[in-house]
Amino acid sequence: MNNVIEMNNIRKEFPGIVANDNITIQLRQGEIHALLGENGAGKSTLMNILFGLYQPDKGEIKVRGEKVNITDPNVANRLGIGMVHQHFMLVENFTVAENIILGSEPTKAGRIDIRKAEKEIRELSEKYGLSVDPKAKIEDISVGMQQRVEIIKTLYRGAEILIFDEPTAALTPQEIHELIQIMKALVKEGKSIILITHKLKEIMSVCDRCTVIRRGVGIGTVEVKETNPDALAAMMVGREVNFKVDRKKAEPKHNVLEINDLVVQDVRKVSVVNGLNLEVKSGEILGIAGVDGNGQTELIEAITGLRKINNGTITLNGKDLTKLKTRKVTEAGIGHIPQDRHKHGLVLDFSIAENIVLQTYYQEPYSKNKVINFPVVFEKSRKLIEEYDVRTPSEHTLARALSGGNQQKAIIAREVDRSPELLIAAQPTRGLDVGAIEFIHRKLIEERDKGRAVLLVSLELDEVLNVSDRIAVIYEGKIVAIVDPKETDEKELGLLMAGGESKRVGEAK
Amino acid sequence: MSFMDILALVVPATIFLAAPLIFTAIGGLFSERSGVVNIGLEGLMVVGAFTGIVATLYFEGLGFGAWSPWLSLVAAVIVGAVFSLFHAVASITFKADQIVSGVALNFLAVGLTVFLVRNIYGKGQTDYVTHRISRENIPLLQEIPFIGPLLFQRVYFTSFIAIAAAIIVWYIIFYTPFGLRLRSVGEHPTAADTMGIAVNRMRYIGVLLSGAFAGMGGAVFALTTAGNFAGNTIAGQGFMALAALIFGKWHPLGVMGAALFFGLAQSLSITGQTIPFLQNVPQVYLLIAPYVLTILALTGFVGKAEAPRAIGKPYEKGSR
Amino acid sequence: ACGQGAEPADFSVKMVTDVGGVDDKSFNESAWEGLQKFESEFGVEVGYLQSGDAADYQPNLNRLVREGNDLVFAIGFLMGDDVKAVAEQQQDARLAIVDMVVEGDDGNLMENVANITFKEHEGSFLVGVIAGLQTKTNKVGFLGGVDGFLIKKFESGFKAGVKAVNPDAEIIVQYAESFNDASRGQAIADTIYAQGADIIYHAAGGTGNGLFTEAKERKRAGEDVWAIGVDKDQHDEGLPENVTLTSMVKRVDQAVYFVSERTMNGEYPGGQIVEFGLEEEGVGIAPTTENVDEESLQAVEEWKQKILDGEVDVPMNTEEYEDFIENL
Amino acid sequence: MNRGKITSFLVPLISVLLGVLVGAIIMLFIGQNPFIGYWALLDGVFGDIYYFGEMLRMMTPLILAGLAVAFAFRTGLFNIGVEGQLIVGWLASVSVGILVDAPMIIHLPLAIGAGALAGAIWGLVPGFLKARFYVHEVIVTIMMNYVALFVSNYIIRTYLLVPGERTDRIHATASLASPFLQSLTDFSRLHYGFFIAIFACLVLWFLLWKTTLGYELRAVGYNKHASHYAGMNVNGNIILAMVISGGFAGVAGAMEGLGTYGYMSILAGFTGVGFDGIAVALLGANTSIGVLLAAALFGSLKVGAPNMQSQAGIPPELVDIVIALIIFFVASSYLIRLVINRLQKEGK
């Protein structure tokens, strides 16, 4: 077995922390090698080193047995190393072709030869089944296609070794499936792949071997065939973790949220929520399953008053929310864990404490006649940080300085602590590691057991299946089916989400 | 005056007043397309004007005669580029707030040039140059009926250079690898970096070019109009150019159009009194027209002006 | 040369320039020349402070008074209020202001301020005569700096002069609303010439430089146009194309010299208005007359005499100008 | 005092030192003795109570302009329009001072209020345009500066002109001039506005850091989406931020109109105070106390400069250079912080 890549005893320090501490990873010719670790474990860092974005403080890198010094991405490219980044590296208002050729443009008489480029791109996309439209602007194409563009970028530069950093975090189940096919096609063509992911299922299904890091330290490499998800999780977190969240049966009571014939249009005046009906009862978790872009986002924004409702009604415990502004909705008893924590969930440049009172700063006891009472605010924050185990130096730390996982915990602390009648959780565990996921799921169930209603929207089917008491499938702005998680499976859900028919539709109701 | 007379008055004046704005705004375009805001255009023009005049006086002293102003334009381009290094180093290498750094550049430009003038000439302003860049009638072309008198009589050669520059830059920005890379670092530097483009190097080039062009703009203004240099020789043209840059939506040809439009408004504020339907309009309206119109334009009357996405943000490796 | 009267050695005169500075090719420079002449004549101490902007006037005046100078000039009517303030505060200061009459709160002149004014309208009248006689298009222009009481004196006198010798000449007047915007000055000159005027008289300080630029451009293009300078003999500004017809000189240097000398001899004209007109040779046409033809020069002499004899009363504002035209 | 605090206090300090140092080098370069030069500067400020008074007077509008910029900064806005807001504030306050007849108790507050209002309105425009049309405030404020300059001159010339290219003097009942302070400082133009400026520092601090309004303004400044999510009126806050900032600037103008001059002249160009405000705010790290100190520094430099000219024969523009350099160094604090952190590391 010959190694195309050897990273031996790599160490990388950032101001404050050791991101990588003596990590060794070896990639074999033609294998898919998983890199597993909690948030902030140091995966991206390690790969950024391999790709030449960072320089290691210690350790050596060998490519095809030769010791190399990868000073910048150009060197990496020359060595045939390509990387698909965790956060896409695409210029939004450039065309697909422009993005792909950027940095190594074919020219004719000093002028970019765009035709030649487009031709080469088409050839590549046919060869690997990566369908893209070279003329389209990035901002106009789906996330899935954007990722294919990222892949072609690397292939266009003749990459033999591909690094995927959390490629599936942003994808729909369908897109994930396609991606896995693509990766298999790539290795068949003799490429070698390093795959970073938090999703053990993916590792089990595509990877040959898996290297685990914990808090920057290399734990070891295992053959995937000889291990199982639980063992991997334990390696990653350093303790046993149980996925099946243990919970007693739900006791749903009266309807908390009632939605009738809801119609919501997006900016382009298209009705993305189109006559949607839904009820959420107290004491239950209702999961909404659906392919991204079927109206989930708009539905939530409509409920929370962030988006104008064109038709239909929304009531909370009989109270009409239809025309209320966001703040009134919140006060009426709705908590909202937004799907984009950085955009909506937090003011990254505020301290944790200031973020904790984002919804309540104007209320007593946090402020009296428009003057904020900071001692009280700090007091409260310390309590929540403690209670929700947000890992932060102090309540004065800027939210920006926390990892996604801890940022998410802070948001959940804020929203859940108000103990709202209805808690809306939109993709609450995206991009987080199993430890954090476990914690968040437990919190949701606690709320349910307190007799609150919980509305869970997620693109991750097993999350929906694990946590919900009922599952509503959304398709093209309508609820097309309500199913019982115990009596359904991913296959059926996937079918419904794709607009397909199903025998047991509505049975759970 | 007949309508033709008025045109013959307004059109050349427009082009003439626009030239320095075109140069400077084009300079700003390089900098801002690369992701570096350049409020310092005014200061760079000041330095250009200073160099243009001082160099001309110097060359005249050496006996270069009528060549002096043209040689000085070259000098102004070089000095402008060098001076813009302040902005580049501060805002790219030291990650200073780009707007602040630009403001500082403006302070420094005026302070330094006047300071130097006092030391060189022992007084607050320079002497007048004997050889300016002067108006010419372009042979043959000026004979063309109608447009001849408007475009090719009593014109400054520098105006043609300005318009040519705008067109060349348009080609460079949109059709060459350099242009693509420059825009990419202004839109998404991290992406550009992963594609092996040296982000900060591109930005340095962008800022230096802005210095060169703005220096040219300042020198052209000084050598066509002012004739000497003092602290108030450049009074707001730099900010006008900035407005033109945005009004023109960071597009070389749009920028040229905007600059010409401002030139028109300026010339109308002067000739207005002789134009029948403008006669009893108080001058102040024409004076503020360019600024008000810019604001109106920005509010979307001519479509949205979208800045490069990454503009204003220093580039941190590995940040996102 | 050593002067007479109080020991000159310990006599000191200083001045505060306005924003223009002692090299503004205009009255600041002229005033400074006067002081330098005074220095060379009597070996006394002279000096100046330049003002960066209007906010500096008062501190600068104050500074010079504090330094214990025997006489402090404020150059320019813009400093009127500051002179007043300082005069009130520093009772024993000896101040003098050019182009302005400073009154105390009681409406009377202040004892410690000498007020130096010029009859610019008289000088302007004479250049007006020249313009009126030498215009070939029968159109002349006036380029004003900032519209106001002072510049009106120039405008009215000039127009009167033109009309006096050439009643049906047309006069185009335009103000730049600025004293230091050369490009604006050029553009305005451009329009005035374009309307057919062949001679333009400016009273616009730095803005006037634009007039010379434009005149040169047109001269080079073969047009027969002229510019008339102001304050100093602006013949050189017209070179090499030689576009300066003549200039209305305002002998600030004379006035400064004169007042300084009187003060040194113990005759400080505080609380008085010292006016310089044709009579005092405080105003007049420039010494360089190479571009003025004989006929005009004679006419100038005649009209000058009439003014001195009080036969004509040169208007100094719009009303007076109207009347002047009436009984022409 | 924690590490961050120390740094944010050291950075401006070091910047000033560096700026002064380079200034000295320049003096050497032109063959002058820096010690004599700076001595003349200091002497020009503290050598005589009169100049000290002038320095405090100079500080007054600088403080308010600085506060205006700082306040905008804190709410995520860059207000380069302070200059224009100051000009209209000046004009408005003077107009009221001239045209209204009332006892001081009413007249003075009215005149100051008019200044604040005018500045606020001038700030409203960019604020509204940003909120409603997403137009970047920097460019609009720059444009508004010129509009302010030309319109003010036009108004003075057409309605308020008296000989001397300026408006008439304001009534005594609207004047901030203080014979007492003047006599204290040997006839400097120091006026009661100084205390208004100090008070404004407190107002800004309290408003920004202690009130729910300040919380909202800062939140919106940092993250509109999150603020919207939290039920704040995003557009309202953006506009309000510019309005308040403009208000501070307007008061700065009132200080010139009602205090220093007592009238308004036709302006040949910008006063520069508004732009200096940017420097002041920046050097003061956008904090009230910082702005106060920075204004004191720049005030001294400006008041002392003429003395450098008359005593040491050094062009006063040197001061402008030093100020510009200080801004550069503060803005480039990244470098300074780096050095400091390095040192602190070795320290322990």
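For clarity, chains are labelled A, B, C and D in written order, and residue numbers in each chain start from 1.
Simple rule for what comes next: contacts are C-beta pairs under 8 Å (C-beta built on N, C-alpha and C of every residue); 3 or more make two chains touch, one makes a residue touch a chain.
No experiment lies behind these values; they were computed from the predicted model shown.
Contact counts per chain pair peak at B-D.
Most remote chain with respect to chain D, judged by CA-atom centres, is A. For this pair, chain A with chain D, the centres built from the Cα atoms lie 47 Å apart. Computed centre separation for the pair chain A/chain C is 78 angstrom, with centres defined by C-alpha atoms.
Centre-to-centre separation between chain B and chain D, using Cα means, comes to 29 Å. Chain B and chain C have Cα centroids lying 36 Å from one another.
With touch defined as above, chain A holds no residue shared between interfaces to two or more other chains.
For chain C, the set of residues touching two or more other chains reads 50, 177, 180.
Among the residues of chain B, those in touch with two or more other chains are 232, 235, 283.
Pairwise chain contacts in this structure: A-B, A-D, B-C, B-D, C-D. Within the complex, the chain A residues that touch chain D are 304-306, 325-330, 336, 338, 343-350, 354, 358-359, 361-362, 367, 370-372.
Remark: chain B residues 1, 5, 8-9, 13, 17, 121, 123-125, 128, 130, 132, 134-135, 137, 154, 221, 225-228, 230, 232-233, 235, 266-267, 270-271, 273-274, 283 touch chain C in the complex. Chain contact summary for the complex, chain B toward chain A: residues 175-177, 180-181, 183-184, 187-188, 190-197, 309, 317-318, 320. Interface residues of chain C, counted against chain D in their complex, comprise 19, 47, 49-50, 52-56, 58-60, 62-63, 66, 77-78, 80-81, 85-86, 89-90, 100, 146-150, 177-180. Taken together, the chain B residues at the contact with chain D in this complex read 39, 86, 89-91, 94-97, 99-101, 103-108, 110-112, 114-115, 118-119, 231-232, 235-236, 239, 242-243, 246, 282-284, 287-288, 291-292, 294-295, 298-300, 304, 307, 314.
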